Each structure stands twice: as structure tokens, then as C-alpha cells.
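To keep things simple, chains are lettered A, B, C, D and E as they appear, and every chain counts its residues starting from 1.
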Amino acid sequence: MVRTDLLAMLVPAMPLLGTLIIGFGRRKFTANTAGGLATVLVALSFVLTLVLFLGHHGERHIVHLFNWITVGEMQIPFTFQIDALSLWMMLFITGVAALIHGYSIGYMHDDPRVATFFAQLNLFTFAMLLLVMGSNFLVTFIGWEGVGLCSYLLIGFWYKTPEFNYAGRKAFVMNRIGDVGMVLAMALLFLQFGTLNYAPVMDKAGLMAPNNPVVITATLLLFLGATGKSAQIPLLTWLPDAMAGPTPVSALIHAATMVTAGVFLVVRSSVLYELAPYTQQIVLWVGVATALFGATVGLFQNDIKKVLAYSTVSQLGYMFAAMGVGAYSAGMFHVTTHAFFKALLFLGAGSVIHALGGEQDIRKMGGLKNTTRTTYVTFLVATLAIAGIPPLSGFFSKDSIMAHAFQESPLAYALLVFAAMLTALYMFRLLFLTFFGTYRGKAHPHESPRVMTVPLVVLAVLSAVGGVLNIPHIFGGNEWLKHHLITAADGVANEDLALSAATEYGLMALSTILVVLTIWYAWTLYGKKTTLDGEPADMPFLKRLIAKRWMLDELYAYLFERPFSWLSRHLFTLGEAKVAVPVTVGTGEAAQGFGEWLRKLQNGNTSFYLFGMMLGMVLLLLITLLSA
Amino acid sequence: MSALVLISVLGVAVLYLGIFGRKVILAPVAIIGLLAAIALLASGWHIHHPLLEGMLRFDRLATGFGIGMAAITVLVFLFGPDYYARKEWHVAEQYALMLFSLVGGLLMASYTNLLMLFLGYEVLSIPLYVLAGGKKRSLRSSEASLKYFLLGSFATAFMLMGIALLYSLTGSFDTGKLAAYMAAHAAPNMMLNFGLLFVVLGLAFKAGIVPFHFWKPDVYQGAPTLVTTFMATVVLMAAIAGFYRFIDATGMPHALATVLALLVLATLLVGNVIALRQTNFKRLMAYSSISHSGFLLLALLTDTGFAEGHGAAVGGTLLYYTFTYSLATTGLFILFTIAKRANQGAEHNGIFKGLWHAQPWLALCALALLLSLAGIPLTAGFIAKYQVFLLAIGAGWLKVMLFGVLMALLGIYYYIMVARELFAPAEQPVTFAVAPLNWAVVTLCTLAVLALGVWPHLPGL
Amino acid sequence: MLYLFYLLAAVSILSAVTVVAARSPITSVIALIVCFLSIAGHYILLNAQFLAMVHVIVYTGAILILMLFVIMLLNMNQLVEQRKPLLVRIAAVATGGLFFLVLLAATHQGLSVAPAHFDAGIGLVHTIGTVLFRDYLVPFEVSSVLFLAAMAGAMVLAKKDGTEHVNLPPSSEPGQNA
Amino acid sequence: MALLALVLIPLIAASLLLAMRPAAATARGLALVSTLLTLAVVLWLWYTWAGTAVTAYSLDWVPAWGMRFTIGYGGIGLLMLVLTGVLFPFIIGTGYKQPVGDAALVNALLLYSQAALFGVFMAQNAFLFYIFFELSLIPIFFLLLRWGGEHKRAITIRFFLYTLLGGLALLFSIAYATLQTPAPHSADFSALAALQLPAATQQWLFWTLFLAFAIKMPIFPFHSWQPETYTMAPTQGTMVLSAIMGKMGIYGIVVFLFTIVPIGTAYWQHLVIGLSLFGAVYAAVIAFRQDDFKRLVAYSSMSHLGLMCAALFTWNAYGISGGLYQTFAHGVLMVCLFYIAGMMEQRVGGNDLARMGGLKTRMPRFALLFMLIVGNAISMPLTQSFPGEWLMFNGLWQLNPWIALAGVVLIVLGAIYMLYVYQRVLLGPDRDVAVADADGEEHFMLVPLIAIIFLVGLFPNLVLQLVDAPVQQLLNTFTSLH
Amino acid sequence: MENVITAIRVVPLGHYFFLCFLLFAIGMAGALLRRNILIVIMCLELMLNSVNLLLVALSAFLGDTGGQVFVFFIMLVAAAEVTVGLAILVQLKRNTDGVDINQLNRLKW
């Protein structure tokens, strides 16, 4: 047990150590030493996690560090919870993070602030580990906020560009809006259950009746937190903008790990969600809508990272759809496979960008499959995976979700299939425009260094074979991941796919056939494209609307940002400068003015003084007379 | 009684010294005499004077007020040698008149008969009319003198009318009989109310209660500063003492308390609000004096209606308040004279500029004295105001008190405006010539104000 | 006797009005003398002969003569006094009138003196003297201080000094309000 | 004795400074030594704190008016003493790099105010409290009057009067309450707490008491003095005002309102919470578009204090503990932020944010320090602001979820304006101005402060344990009311 | 002597009140009406005398000598006051050239 405690403490300690060492010595470290150190430390974390994972047999282990907040009846310890869920998250977080750290050595090699970059990346890893390891909501919240801050810092890493800073702030503020829900949910849960530790909360909640208002409120509020972090409608506009950060950041934070924190949180609280079918419905439809939103917008993006960003939004929608139908393990499965292939896609895109000297517009790419061979191959694997082509990992995870969705609501299923087709369309559009055809840019493409391609290959392998983690029964698998997670998240136990094998096969075949057809359609559209797309202005209305991201940013700007800014300025110029201060000043001035007026009575004229005295006296006498 | 005689004789002696041209020893003689009078007063704490039966009674408060007035007069006289240094004529008369006025003050603090009140009032006033006109070549001084005289005489006439009305009821001028009459005739009686009111208003004139305050700013400004000091301190003490004795002996019917409350409101308002706009320091002090009178009247108000055993507390408060106020005022007027001389006779508040740089200690003294007038803690002024708070709240005058609180705030404003000048640098270099004696008096006033602020039970009252 | 009272009262009031209304100071002084004499008549009517005598001596003999003296000294008889504005005059009369009415209303309620304690001898010199020097000795002594003060004061004011250094000439007096 | 030392050490040091007028370096050194001594005393008190209230001295002063010289401390008072003791070395230290003028005089004034502030927090007699309450104002008044910025004279006077308005209302209330105690009157807190005034009385007395504290903090709509004063004041003056003197309001609420007028407090609870939260949101919204750094910080301070006040009035364990805890956190934060503002003011010659921006390349160390402080300002977990806010939200939720929602919105608004100001100060295209990075002395100031931020953030119980027992006691008396 | 007593009995005390108040009010109004300082002082004397008359009447009706003694003192004081007042007036006349009350307005506000 002591060994487990120690290991569990060491896992987050490694990246924290990295942050401190690299942070304090950031002026002395070169790219290679800083990156190497950061990578090694995270890799160490991964190894330690692996040791923990291998020694884990389904028990829940609490690692107590110290008592954090103690007030009255509130006891909030600083504790880690080592169980199947957190271990699984830790494993793929440290794993992917290690790969991306390594990749960054190459990618960020020439940046003057590379050491700062690695320090922040390590800090992010630390925060993410806290998030998943926390044994109560509040410790999770430390990580939750920590990853938000790191995300802010890393999005605005290139701080000289005002748009990047704006993007960073936008990301943080939107996350904060979600946090409002998170904080309120925690307050509610605490006051309801007297504790925030997951285990007792879930135990006590399990005794409550379904659709209890407390549970519904709590789950909705938690979901609000999740929408912020995981870029669901309505708090999603920050994620595409977050692509302002360096590409490894996009890969690690805005694709593989942080954005899935919302999913993690829902799985963690699966007991609560199971008790709140209303919330589940909402989650489902929000997920489906987000999936569609991301997929549609992805069709018209020309920035390679933006396409991937909307793809991420769309995939996160899938995950939440899974949450909505109670398919927690399927969701987690998709989280995992998505981490692989989306990280791969981003890193591939980064490799392309690197190859083209910073060019991100796919209209200025093309024909790169010959010059950047490794990148192309790995990117292809990832694209196939995300499109859901069997037997790549994406097929299994996505199909599992869709099957559950079909069971819950055929409409949701249909929409998800449609989204899957769109996914295939925009991904292959991206692939074709980037790697096929002829090169339309002016740079001299070259393959990235080995330190960048090795992670690509590793991730490609994982994307390809990741499906083995949770092979469904109909393929002879035993749903390993589901059985692994069942010990940690009680909600998983409730998920059961009651479809007949034939139905399952049918659904899979249908979706696969549709996707393949879509790919073919994409080939016809973009496969041999040599010219550029027209400007959005030339498109029909709906297309234009979609290309402009459904005008969501503009809508928010009109609804929130501008009114807020207006209000802020005018509350000051009106409320403060014209009311509050003038009232204070005016009171004084009124008194002075009154004084100036009264002073005129003291006019120096003795007759008047006499008159004043006598009149005053007569009046006083009159008052006395009349008041009797 | 012996103190009365001593001071009267002292006045005559000083007059004689003047005739013989011994200007230098005027102040020392007067001061020594006054100290002796203080000693006599203090020793005569409980001595019964059969001769004074029915006219005067030197009880604890009367003695206290007497000692206070004499002590402040000593301070004023200590200021005298420097103030009159360049004056050749009639210096002895100035001292003598102030001594005579002090006799009037003592009478007002100790009367038990309305005749003595009237005589005390006049003995107090008549020298002042003359003193106010002490700068004979100055039109302002003469104007102040005449205004004071005219307005004061009319106030006397009103007071006399009141005494006559009261006499018509009781057939006596004895305050004790008046009180007995009032106790026996509880029913509202307009004649009585009017009589009381007239007397009160006559006294209110001396204290500067609105609407009988008009003389104050003009006279304060026009009179020589030393006389202004005397008026602002000793005369105010005497007026308040007389006022207190009248109210405490008779006890005001409730109807009159309401009228007095109106006066309190008006006085606080007018005094403080006009003071906001004052740039002439002497006028500012006049208006501030009016506002302090408002607070004093508020304290007096709590003594209405025969509140048993309450009178001593009110009297103690009034004595403490007026005495500490007088200390602060004396110090400030001395500082004002110093600054005025340094600025070629200018009287606006700006003359204090540069004091901090030239005379840091005096600036600190001035600050302490101003803060005392403003009623900031650890100064006597604060304790004084707090006592008024306690009295007013205890008597249930909550709303009047709240108004007073607001007005006290305005008061702080104008004192602070003066304090601000103390620490501002002067536009051109100013040299403040400070006579050692003045320095000592200012220091003494400051220390006394602070000591009384920290140990308020020192007076033993 | 009532008629005598009315007559004297009428003289008092008329002469008082004349004091107030006359244009020339001399007329006013003369009217005041008449008024004071009528008041002395009232005193006699009230059996206060001593006071009547003192009154005539002090007021008519001393004070008013002093006033006449001052009028002559200051050449005031040629002075034409400007009238105050009408509004002020109305206000003045109204104030006086109101005062009178208010007082009358008060006495109307509170007059309770019954002439039951009549003592014919109270106004006699002997009685007054006894009371004055027995009961009112202290005030009597005090009044000496009063006179001393008044005397010294009048001397200080009226006597012309030598040069006064302390004071600046009136024209250049500082301290004007801003 | 230790308590007396707290008042006497700064008092003597200040008087020495005034009397000797030493050179700047000596003056600062002496002041610093004095504050470090008081810090040592305070830490010793903290260390030896046994969890029970301590009365050190209780001497008669003017018994007839209930005036007694009673000093001591409970947990809450100790918290405030610690706050004062911890922050003053930093406030004095600010003078090293950001001198405002005559060092001897400035430091003397600061030390006088420290003495008075210690007095406020250790007074156990309402009258004594009032005296220190007003005295603490006077040194600051002169500091502002002499070394303030634009329009210093008018603004200082306005500030002074506004604050005194509250003070006089407080004095009135104290006098009233004292007179209600059985004869012989006593103004000791214990005697006043034992009063059970009629409900109608409590309802109006509440306001005359609350006015003083509402102005001090300040709470909307009594805040209009605050932004302009903070903006104009020299850095050290602003620090004292915002970091410590504002907390007198919080302390006063707990000590006066909760004990003397509990029924009145309950009666007006919702109104006050409404005002506080409205003001908090209002200030947070205004802060966003401010162009003046110090004014922005001023509004942010008002926003934070509004939340703290609202939390106190929830009147449950979490709200009160959180609010009290936050006094400490907020004090440290204010010193940090105003120090940062002072640094920028020196470097670019003003507080105008338009003259800043694009400085990060030249000031990387400063950027890091500032970011850490911003993290505290937006209450990131593991910084000291977070536990407080969490407790306060709990308290608010316990009272009413909708009120909690209004409170929690503040974390969004706080992030909006703090990150924006960070951006406007440092980020953006490089600007071609010669500004120096944070130097050793500035690190010497900020690093310990940041260390405190994280230390208390990690171990909030250090502070919370002080208030835990007193808050429970308060709540017990409150429940006994119903 | 008897005649006198009856004479007084015939005149009701109320008449004296009326007369005195009227004289007092006339004095008041005069003080407000006139600009000549000397006349204002005369009006003051008128007022004092009305009080005197009232006191004497009361003294008689109450059978108390005190009232008359009081009047005696009032006369003394009035004499002293007038002396001082006239001295002030003379002094003023030296500094200015009139006795108009409206000229006294250098001290104001």
C-alpha cells in the first residue's frame, strides 16, 4: 500500500518537478535539454503509472496527502483516488503527453522561449493528472482550473499577436463560465451530502430516488462545467480559436486530454447521471447537436488546424452523446481512441506546417504525400481511423456509441451517422487537398526530423490497433475496457446493449458503407483538385452560414461581448462618473452652495440683524403659543 | 465672594497702574491676582456665604466655571504683553475691562436671583462693548463695537421683559421660588412660557444661538484678536453657565424644550453650513463657535423637565465642553495672531501656509487644537462631543442628535481645511516671529487639550 | 382716575409714536422726553413716587440731555435721514404688531394677578431704601463695578489718543473676504 | 504585554522618526525593523494561540460612560492582527523602490497608522475601538494629502469626510448601545453583546452601525470615494487603505453587527447581501474597461469586498469563515497588485494602461510574477484566494442558490478583467521603450508575498483554524435567537 | 393715600400690560424702522421703560417692593449703557462721517 501511495504521489510529482526545474532555469536550458528533461519526466510518469496499472486489481485506493480545507463540518482532504478510471486516464494522458513532449522537441526547436514552453507543458500535464487523480470534486477542480490556466498560457504562447491573446482569454473565460456550473454543483453536492469525496457522494446518491431535483440540478450544473471544458454547445467557440497555440499544444490539450475532462467528469459522476434521465436526454441532444455542428463547419474550413479543431468538437459531441445514452465505457473508449488519432492528426498537421515553414492554409498545400512520406502515411491511418473504417480504432469506438444511440433513439443514431459521413467528407477533403494533387504553395516541403516522426509512428500504430481495447462481443471480444472501468464507475454497470447481433452487424455495415461512399464522393470532389475553393461570399446562403460557423461567434459578440463592453464603459461613464461621484461631490457642493446662500443673510446690516432677531423671536413665541 | 471682590479690586488696581504708566507690570499683576482668585475660589469650595443668600450661590459648578473662566483669562493675559507690545494707550483699561467682564461672568455662573443674572449679564457685556471697539482708529473695530452694543442691548430688553413676566407670576426674582411656582402649577401657562422664553433668548444671544447669532461673526472679526479670544472663551463660558443655571434651576416645560430643539437645529445648521464658505479665520471661528453653541444648547436641552439628578451631569459636560473649547480657541487665536503678523495683517486661512516648515511644533499644536475643535478622538473636543452625544441620546433626542452628527461632519470639514493649510508650503518664504510666552501658552493649551482628551475625568466633576 | 390713566397712556403712546415717526432727531428727543414724563406720571399713579423722581432725574435729566448733547456734538440736527424702503417699513411694523398681538394673547391666557396684596407703602423711599440695603445689598455693590466699567469704557472710547501703532488706517485694512 | 508592544513598537518608532528626522535609508531601515518586530510578536501570538479568547488588559478609564481600556483578542481579532503584522513590512518595504517623498515622515505616518490599526483589532471595548478606528485615518489622511496624485486635496478631503460620516454614525450607535446597558454602563463588547435590544431598535441601529463599515469597505452605494482615492493615493497609502483598513469593515460587521444587533442583521440580511453582490458585480463589470491600472485594481477590490460582505451576511459557518479567511487573502492580494501597479507606474510614468503593453519581452521575470498574482486574483485553486471563495460560495448557496449564482458569476467577471489587464500591461507586439525587468529588490518584495499566496493556498487551515471556533460561537448565539 | 390705592384698583392690571406691550412693540418697530443710530438707541430706552412701567405696576399689584428695586437697577444699567453707547457712537463718528446704521456694513458674510 505504501508503495502505491508513493507511486501515486510520484506520478504528478514528475511533471511538477519538470515545471519547477525548467521554469526556474529557463534561461539556461536549450531546446534539447529542456525538452529532453520534460519528456523524460513525463515518460517516467508514464512508466510509474504503468507500474501502478499493472499492480491494480480493481480496487479503489485513496492516497491521503494532507487535510486541505477544514471548516466546521467541512472536511476536504487533499487526496488522490487510484482506481480503474483514474488509472486509465493517467495512462493515456502520460503516454500521449510523453509522445507529444518528445515531438515538441523537434517542433519548438527554434523558438526562443522553448524552455518556458516545456515548463508550461509539464505544468499542464501535472494539472491534468491532478484532475483525473483527485478523489474529490475539489481536488479535481484544482486540476480542472489548472489545465484551464495552462491552456490560456499556451494558447497565448506567442504573446506578441493580439489575436492569440484574445483567443487565450476567450478560452479561459468560456471555461470559467462552465466553472460557474462546476462550483455551484460542488456547493450543492457538498451541502446535500456533507462531503465531496467521490465514493461517499456516489454511495449516498445511489440511495436517492431517480429524478430527484437535487440530482437533476447537480448533474445539469456539472454538465455546464463539462460543456465549457469540452467545448460543447453553447460554450464551444473557444476551441477553434485555441488553435492559435503551437500545434503540440493543440494536439495535447485541445484534442487528446483537456477537452475530454468533461467526459471524464461525467463518467466519474455516472451514478448521478444514471439517476437523472432528464439530464441524460439533454446531454444526448447537446452531444448530437455539437457533433453535427462541428462536422458541418469542418467542411468549409481552409486552415488545416481549424478543420481538425472542428473535427474535435464533433468527436466530443459523439462522446457526450455516448454519455447521454449511458454508454460510459463506450464514451471512454472513444476518448481513448480519439486521443490517439486526433493527437496523431494534429501532430501530422504540425509536421506539415513545419514542413511548409508555418503555412496552415490547405489551399496552399497539395501533393505532399511524396515529400513528407511518413507524415502522409500516418495521417492517412489517422484519417481512416476517424472516419471509422474497420478495423481501425475509430471504427470500434464510434460504432459502439452509435449502437447505444440507436438503442436509445433512432433519430440520434441517424444524425450521428450523418455526422460520421460528414466527418469522412471533411477529413478526406483535408487529406486530399493536403497530400494529393499538386503543390500549390511556394515553400520547399521537407520531411520532419525523426524526433517528430517517431511519435507519429507510435500514435499511428495505436490508432490502428487501439480498437483491441474494447472489442465487442459480436467480434469475439470481451469488452476489456468496459470491464476494466466497471470497478470504478458504477454507471458503467448499467450500460447494456440489448440489440441483437444482426442489428448490430446491420448498423455497422450501414455506417461503414455510407462512410465509404462518402469517401468516394470526397475523392471525386477533391481528389485531383488543383484549383482553389471560391470565397465564401460566392456560396449559397446555407453554405455561407455554415462556412461562417453558423455565425456563432458573431452571435456571441452581439449578444455578450459588445453589450458587456458597452455596459462596462457606460457603467463607468454614467454610473460612476455621472452619478456616484457627482452625488458625493454634489452633496458637498450643495452644502457649500447652501452655505454661500445662508451667508448672504449675514449681510452686515445691523437693522437686518435686529430684524432677524426680532422676527425669530416673534416666530418662536408664535410657535410656543400655537403648540400649547 | 472673596474672589469676586478680589477681581473687582484687581481691576481697579490695574486701572491705577495704568494711570501711573506701569505698562510692563500690568499683566503680571493681573495674572498673579487672578491666580490668587483661583486659589480663593478653589478653597471656597463648600463655604457658605450668608451674605449672598438669595442672590448668589457658589456651588461646585459655579466654582468650577469660575475657576475655568479665571484660568482662561490668565491664558489670555499671558498673551497680552505680546499683543499689546506696540500699543501705548489704554492698555491698563483693556486689562481692567476684561477683569470687570470676568466679574460679570462669575456672577452669571453663580446667581440664584434674576436680578443678579441681569446685573451679571450687564457687567459682562458693557466692558465688552468697549473692548470690541478697542482699535480706535479702525472702522471695523468701531463697527463691531456698535453692532455688539445695539444688538446686545435689545437682547437685554427682551430678557428684562421676560423677567417682568415671570415676576408677574411669582412676585419674586428668586429662581428657587420660580421653580417652586412651576412645580406647583404644572398646567401649561403661556405667561410662564413666554417669560422663560424671553429670558432664555436673552441668554441665547450671548451664546450666539440662531437667530440671535448675527453679531458673532462681525464682532469676532472686527474686535481686536485678544478681545475676540476673550469673547470666544470666557464670555461663552459665562453665557453657558448662566444659561445652565437658569435651565437647571427652573427646568423647562416640555413645550419650550421643543422650541429649544428647533433652535438647536437652526444653530447647528447655520453655524456649520456658513462656516463651510468662510475664508476669514476669525469669522470661521465665529461660525464654528455658533455651531459649538448648538451642541451646548443640545446638552442644555437634556436638562429640561426637572430630570432629577441629571443636572450635575449636564453642568459637568457644559463646563468640560466650554473649558476645553476655550483652551483650543485661545491657542488657535494666538497662532492666528502670529500668522497674521507674518502675513502683513492678512486674516484669511491661507496665512497658516508654511507653518509646518517654519515651526513644526506649532503646526502640530495647531493641528491638535483644530482636531480638538473638530472632535477627533484623543483630544478633549472629542470627549466633549461624546458627552453631549451621551446626554442627548440618554434624554431621547435621537433625531436631533443624528442631525448634530451630520453637522459635526461639516464642522470637521472646515477645520480640516484650515489644518490642510498648515502643512502646505507657503508661496513665498514667511518668517513666523514667535514670542516665547506665546509659544508656551500654545503648548500649554495643546497639552491641556490632549491631556483632558486622554484623561477626561481629570477635572473631577 | 381711570381717565387720568387713559390720558397718560394716550400721551405715552402718541409721544412714543412720534419718537419713531419724527423726521428730525430733535423732535424725537423732545417726544421721548414727553413720553418719559408721562411714564413718570404713571409711576406716581402707581404710588411709586421715589421711582418717579429717580426716573425724571436719570432719564429726562441725564440720559436725554446726554442725547441732545450728542446730537449737537455730532451736528445731527441737520442730518436728513433717508427712509428705508417701504417693504422694510411694512415688515418692521408687522413684526412689532405681531409681537404685540402675540404677547397680548399670552397675557390674556395667563393673567392671574389679583390685587389682593396691596401695600400702599411699597413705593415709599423708606421702604425701598430698607429693601435695597437689606435684601439687595449685593446687587447694589455689584452695580458699582458696572459703573466703574462703564466709566472706564466711556473714557477709553471718547478720549482722543495719541498715535496708535497697532492699527492700520481704515482704508488699507486687510482681511477682506474673498 | 505582547499586545501593548504591538501598539507601542510602531508608536515609538514613528515618534523617533518624527523627532530625529533621519536620512531616508535610516528611516526606512528603522521602520522596517519596527514592522518586523511587530511581525515577530504577531507570529508569536499566532503560534501560541490556544483557541480561546484572551483579555490582556482591562482597566477603568471613564467608568461613568462605559469607557474601559480593554484589550485582548479572539480568533478573529488575531486573524486581523496577523494580517496587519504580515502586511506592514511589505508596505514599508514598498517605500524602498517606490519612494513617495520625505522618508522619515512617510514612514512615521505609516507606523502611526499601523499602531492605530493594531489598536482597532485588539480593542475589546467599543469606545476604544472607535478611537483607534478614527485615529488610523489621520496619518493616512496626511499621507494622501501630501503625496497624493492629481486632485489630491479635494479627493482626500472627500475621502476623509465620507469615512468620518461613517465613524460618527458608529460613535452615535456606540453611545446609544452603551446607554442601554445596565448601570454602571459599559461599552465592552461583552456587555454590548449581552444587550438584547428590542427588534425595532435593532432595525434602525443596524444602519447607523453598518454605515461605518459599509463606507470603510466599501459597499455599494457607499463606494464613490474609493476608486478615486485609491487611484490618487501614493502606493503605500493605497495599500494600507485597501489591504487593511477596508478589512476594518469586515471585522466591524462581525464584532458589532452580529453581536449587538443580531435581529437587525437578520432583518436586513437580504437587502445587504443584495447591495453587496450588486456592487460586486457592478464593480467587476466596470473594472473591465478601465484605462487606469490603479483604478482597475480599486474596482476589483470593491468587487471582492462586496462578495466578502455578502458572504458574511449569509450567516452560516461557511459564509462567515470564508469571508473572514478572505480578509487575509485579499489583503495580501491588494499589496501585491498595488505593488505591481506602482512598479508599472515607475516604469512607464503613469497608470494609464494605454501606455503599457508589449513589454513582456523586456520583462519576462516581471511577467511571471504578475501572472502568479493574477492567478491569485482570479482565485485559481492552490492560491490562497480559492478556499475563501469556495467557502463563500458554499455559504451563499446555503442561503439561496440564486444568490450563489450571482456570486459565482464574479469568478467569470474576475477572469475577464484580470486577464485583460494582464494582456494590456504585458502582451502584444513588442514596444520600443526602455523598461527594466523586475530587479532584486522587487523580487525581494514579491517573492515572499507569492510564497504566502501559495503557502496559505495549500494550507488554508493555517488561517481557518483561527476563525473556526469563534464562528461556531457566533452561530450558536444566532441559533439561540430563534 | 387711600385715594391713590383706589385709583390703582380702578385701573385693571391688564391695562398696564396692554400699554407696556404696546410701548415695547412701538420701540421694536422703531428700532427696525429708523436708520439713525441715535433714534435706535432712543427706541431701546423706550423698550426699557415699558418694562420698567410693567415692573412698577406689578410691584404695586403684588405688593412687593422687589419690583421697584429692580426698576431702580434697570435705570442704573440703562444709564451706564447709554453712556457707553453714546461713547461708541461718538467714536464711530470720528471714523466715519455719519450715524446711519446702514453705513455699518463693512463687516459681513
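Rule of thumb we're sticking to: contacts are C-beta pairs under 8 Å (C-beta built on N, C-alpha and C of every residue); 3 or more make two chains touch, one makes a residue touch a chain.
Since we're looking at a predicted model, the values are computed, not measured.
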| item | value |
| --- | --- |
| Set of chains adjacent to subunit B and to subunit E | A, C |
| Least hop count linking subunit A to subunit B through chains in contact | 1 |
| Inter-chain pair with the most contacting C-beta pairs | C-E |
| By mean Cα position, the chain sitting nearest the middle | D |
| Centre distance in Å when subunit A and subunit D are each reduced to the mean of their C-alpha atoms | 37 |
| Distance between chain centroids, defined by C-alpha means - subunit D, subunit E (Å) | 66 |
| Mean-CA-position distance for subunit E and subunit C (Å) | 3 |
| Contacts with two or more other chains, residues of subunit B listed in rising order | 115, 119, 122, 126, 129-130, 133, 136-140, 145-147, 150, 154, 168, 171, 190, 193-194, 217-218, 221, 283, 413 |
| Shared interface positions of subunit E, touching two or more other chains | 24, 27-28, 31-32, 35, 41, 58, 62, 64, 66, 69, 73, 77, 80-81, 84, 87-89, 91, 95, 101, 104, 106-109 |
| For subunit D, residues that touch 2 or more chains besides their own | 161 |
| Pairs of chains satisfying the touch condition | A-B, A-C, A-D, A-E, B-C, B-D, B-E, C-E |
| Complex interface listing, subunit A residues touching subunit C | 607, 611, 614-615, 617-618, 621-622, 625 |
| Residue numbers on subunit C that touch subunit A, as the complex places them | 84, 88, 91-92, 95, 98-99, 102-103, 105-106 |
| Contact set on subunit D toward subunit A in their complex | 158, 161-162, 221, 223-225, 227-228, 282, 285-290, 317-318, 321-322, 358, 360-361, 368, 371, 375, 380-382, 387, 390-391, 393-394, 396-398, 401, 404-405, 408-409, 411-412, 415-416, 419-420, 423, 426-430, 458-461, 464-465, 468, 471-472 |
| Footprint of subunit E on subunit B - complex, ascending | 115, 118-119, 122, 126, 129-130, 133, 136-140, 142-147, 149-150, 153-154, 156-157, 160-161, 163-164, 167-168, 171-173, 217-219, 221-222, 283 |
| Partner subunit E, residues of subunit A touching it in the complex | 599-600, 602-607, 610-611, 614 |
